[in-house]
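For clarity, chains are labelled A, B, C and D in written order, and residue numbers in each chain start from 1.
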Amino acid sequence: MNETLVQVRDLKTFYPIRGGFPRRVIGQLKAVNGVSFEIPTHHTFGLVGESGCGKSTLGRSLLRMQPITSGEVSIAGRDIRRLAARELKRARRDMQIIFQDPYGSLDPRFTVRQIIREPLDTHRIGDKHFRNDEVFRLLEVVGLRKGVADRYPHEFSGGQRQRVGIARALALKPKFIVADEPVSALDVSVQSQVLNLISDLQKSYGISFLFISHDLAVVQHISHEVGVMYFGKIVEQAPAEELYARPLHPYTRSLLSAVPKPDPGAGSAGTIVKGDVPSHLNPPKGCPFHPRCPVAKPECAVREPVFQAPAGESPTHKVSCLLYE
Amino acid sequence: MSDVNPSAGEVGSDRSGTGPVVRVEDLVVEFSTEKGRIRAVDGISFSVMPGEPLGIVGESGCGKTVTALSVLKLIPSPPGRIARGQVFLDGRDVVPLGEREMRRLRGNVASMIFQEPMTALNPVFTIGSQMTEILRIHRRMSHREAREHSIEMLHTVNIESPAKRFTQYPHELSGGMRQRVMIAMALSCDPKLLLADEPSTALDVTVQAQVMEEIRRLQEERRMSMILITHDLGVIAETCRRVIVMYCGKIVEVSDTHGLFAHPRHPYTSGLLASIPKVREKKIERLPTIKGMVPDLSDLPKGCRFADRCPKATAECREKEPELVEVSPGQQVACFYPD
Amino acid sequence: MDTQPPSSENREDPSVPEGAVTEPVSPVIPTAEASLYRSESLWTKSIRKFARDPMGIAALVIVSVFFVIACGVWAGWIGQNWSALQADGYTGMSREHWFGTNINGQDIYARTIQGTKTAFEVGLIVAVLSTVIGGILGAVAGYFDRTIVDEVIMWLYGCLDAIPFYLFVAAVAFALRDQPYAMHVAMIATFWSSTCRIVRGEVIKINSLEYVQAAKALGVGSMTIIFRHVIPNTFHILLVQGTIAFVSAIKSEVILTYLGLGVKHGVSWGTMLSESTFEVSAGIFNNFIAASSFLFLLVIAFNLFADALQDALDPKKVTAS
Amino acid sequence: METLQFAFRKILYAIPLLFGVTLISFLLMVYFGPDLTYSLIGKNPTSEQIVEVRTQLGYDQPFFIRYGMFLKEIVTFDFGNSLSTGERVSSILLRTVPVSFAVALPGFVISELLALALALIAANNRGGFVDKGIMVFAVVGMSISFLIVVIIFQIVFCSVYGLNLFPVQGWVVSNVADYIHYVAVPTMVIVFVGLGYNTRFFRAVIVEELNRDYVRTARAYGVSRFRILSAHILKNAMIPISTRVIISLPFVVIAGNLVIERYFNIPGVGLITYNAITTGDLPIVKAVVTSTAILYVIALVFTDIVYRMIDPRVALNS
């Protein structure tokens, strides 16, 4: 089968919280707090979670756009944490990122040609003619006309800008792309176009994706495997169809029931989870979800669950919940 | 501004209470931009009956928010203005009304909640002072009464320890809590109509469900009319009985919710419904899409505005603009070839 | 139309399996017809916007006229005869002396023209240098936000802001004892700070934008990012700050010269106004009116120009349209 | 209690700034400043005399010792004696500061309040005729040089060529009537000079607040235009406005008066500073520069505290 392209072991990314008097580090914001997963080649791993759960930090940590506190990240056989500057630059050819904001992700003073050429220029790939041809080829790949190469980002709609951003990410022919909420800023009718483009690219070029989104339906549609993140941890992980058909973790269940369904017959959601995501300044003990969990036991407030496949489930379906221990 | 429509103000027969709470007639709202004058809303008509939750759905720039703002005459002016039409709120045309009269209606007869709970509240005033201000304006309550009533309202929207929240500032509350405060403010004068402009869009999925649940419950309990504006068809399906679909400033389809989702008649509606990814369906390889993109309001195509993106468009569609006509009981469509 | 399979010649490790796809992967989005659509950068868009602002154009014309006058003086064509004593004290307006002569009998017209040159000298030197210094330090501080570099730069302008301008000039004058450029140095040392502060704030904002993040993810180096992506996106601020510094400089020159800290050699509107303080008490206004109306006209034109520039360059306003 | 702790923290943070301003003052005026040796000794001094005076002035000491001596002067508020009159600098300051304050304060207060009122009116009629009128007036006001305003106002109000209502020069104040008599024209000048800048700044701040979402919310709930401006917006706008006002105070008292006090010959700090600059009376310049700078730093700390009182968010962020 496919080999492992991205391997993450117990990754932790903390931010210092400064405050008090005199000013000092008074705590750690554990944005990513011990996450492990693998992405095989030709696969899309979907990461779903609410704002502040650490999913974006995780994506950026993998690409070392964020200092990693501890743990291991290996992409295409490289130990990302230990790369020196030169090696890191080389490694960036294999890993790229697509951003959420179609307005902020393109430099307004650059033409589309300059934007898509930048990766080729930076890594000195090919000569001038080759780079120009590449720009046209990439524009075609993402479904834009050659004629737009000399236009500026402000002359495009959100969906078109997102295509330009994707072309830029593809320029270096990466093996792995982090897609950080690539469609959430787009209008509904354009979302599906961009989603189709991403899944086409994945199939045609065999790129592995880490697809980050807060939208469960989008993640299900695009991913082979899905991880559900809550408060810096993956609390449940399974192949997409398995996860959506048989969610185990109470958080996953409540997320799924919270999604409004475009079907008036479906009736209103089942259990609506109460309260808000806990504060990082005062993290709950035990399972981080227990204060909001509808089925929490007293034990949940004391002991942290282990992330594992419960007995009787397939080994690919892992969950971190005391109900299954 | 107030003399846009000379015939307005004479319709008073709707005040009996059984008529619609809102009736919009041929509303046109224009904005002057650098590219010239554009019509954000172009000749729409609809009404909302007492106790009815109506949904308006559409993509950004389709005019749904402008429609809601027009009901309370909150269009930023300049650059916007109501160029034509009437908006009967509780039987009275608001278009010719002045600021002073509008103020008596706002927050009182009709209230509005907004998308961004982070910025919609004044950061330097406490929750309490912002809530009591409304009661003191419309109900002329004393400080004490206003305080008691506000705390009760906070209690109604299920905010824990309301007396404590009453003294806090907006930044001390989470997004979901702030949106609850907005709802409490909106309902504190017991309005007949609630305008909810994307009330849950900026919130997380779980919090979104909480807030929408709250809005649904209160709307039913209070038999309040509601116009819910959203781009999320799921939210509409769970909340509204009737839906208006807007595209480029026009209504393209009006339908009862069941009919719309079961049998969308306009190609835009069916395209939209097909293209959104849905949870827990059998996984499909490719999503159906609507080709192209929303046209620029300053450069609209002749004829049907959707023609360029429509799989069924003919020469006729590119020439003439279709009118909204009833195609089956409860369903109106603006299309020459409804599904 | 066929999409070529990604070529792998230029890479050692082709990531694309052989014979991947040859079909177009997504429908081509129809865009507005290219023939109807002239592509436009933010700059040309700003220029077009500026051209539609009558106030801005009028201001630019006035400034240009002044600039031409200054160039004429530099070239030695006009206003050269400013120091010679041509009459016995004050005379009124005449054909030889368009604006009359001052109390010393010097030609006021020539002095006013010469003053225009001085104003541009002071204004340009101060505006260019203070904006360049402020821009670079601001960009560096903003890019290295929250590091020691940033702290030091912020501390530096914090300190300079604390010292009142006129006293700072006096102090610089003490330190530079009779250097002709003491005034310029003092102005540059004070004026760069506001540019620096604004640019720093803007750069911090730009830094968090995803196009900078994207460049980092592509492996573009820090310095390249600063000069390719960050500083070009602060040009609109630099231009406006530059015009503001220009205005401040020529206004300050007048005050400083009056206080005896400014122009010591040559003639400026400041020296003329200082002279005129004695004349006006005697009821002679020629010198005063000539210098103050030139000064006022140039300053107001520059102020209006700066306003129009700000409107035209604001990238938010430009892209929103 | 919390506010006290906050204030204390802010004061501690001001220390590097104080160090900086004193260092710059020291470098400019003492270390690289004029050599006072010859102004203290007579003509044709012997080399022994020179050495003696230089030792007395501390010129033979290393950098840090001299800086230390400079700091000591500041802390003890003892800047020595004026070179021209021989009077103690501290007593000169104590005599002149109140005069400067009395001259500057009315104009400062009127200018700020008037500008705020004009800005509110302009912002409320944004884009309209009144707004444009006020803004044109502001640009014109900004474009007239301080010196020209002083001269024109003096011609108009104080000279035989104008109304000749007020004294041309001087400051002989023994009662309120005298005070008004002498302060009137300087006040008008200060108001006029500050008005343009302040109106524009305040208007920009208010317009920015007007575009915020909470204004729309307040409007949607029937809050009146007047109340939105006078309560909702003003309280938010007070944050940048108060910063500007407080920070400009130390400059208004001393720096802004240089021109006015010189032109109207008013014996305030400005005039003695002017005289000190022209005669090279270093101890006075040194004292004025350093104390203004320190006053500025204090004002900065003070604004942080005011900030915290107006804006509840600051408490959380700090």
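Throughout what follows, a residue touches a chain if its C-beta (ideal position, glycine included) is under 8 Å from a C-beta of that chain, and two chains touch if they have at least 3 such contacts.
No experiment lies behind these values; they were computed from the predicted model shown.
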- Per-chain C-alpha centres versus the global one: which chain is nearest? C
- Note on the structure: Most remote chain w.r.t. Subunit A, using mean C-alpha positions, is D
- Message: Between A-C and B-D, which chain pair shares more contacting C-beta pairs?
- Response: A-C
- subunit A and subunit C have mean C-alpha positions lying a whole-number Å distance apart equal to 44
- Mind checking the centre-to-centre distance between subunit B and subunit C? Centres are C-alpha means, answer in whole Å. 47
- Message: Quick check: how many Å separate the C-alpha centres of subunit A and subunit D?
- Response: 54
- Going by the touch rule set out above, which residues of subunit D reach two or more other chains? none
- Going by residue number, subunit A touches two or more other chains at 159-160, 193, 196
- Message: Which positions in subunit B are in touch with at least two other chains?
- Response: 289, 291, 293
- Which residues of subunit D touch subunit B in their complex? 127, 212-214, 216-225, 232, 235-236, 239, 310-313, 316
- Item | subunit A contact footprint on subunit C (complex, rising order) | 1, 3-4, 6-8, 10-11, 14-17, 20-21, 24-29, 31, 34, 37, 39-43, 45, 209-211, 213-220, 224, 229, 232-233, 315, 318-319
- Message: Considering only the defined contacts, which subunit D positions touch subunit C in the complex?
- Response: 16-17, 20-21, 23-25, 27-29, 32-34, 139-140, 142-148, 151, 154-155, 159-161, 168, 250-251, 254-255, 258-259, 262-263, 273-274, 277-278, 280, 282, 285, 288-289, 292-294, 296-297, 300
- Message: Considering only the defined contacts, which subunit A positions touch subunit B in the complex?
- Response: 50-51, 157, 159-160, 187-193, 195-196, 199, 214-218, 220-221, 240-241, 244-245, 254-266, 268-269, 272-274, 276-277
- Show which residues of subunit A lie in contact with subunit C when the two form their complex. 63, 65, 88-89, 92-97, 99-101, 104-109, 111, 118-119, 122-123, 125-126, 130, 137, 140-145, 147-148, 150-152, 154-155, 159-160, 163, 165, 168, 172-175, 193, 196-197, 200-201, 203-207
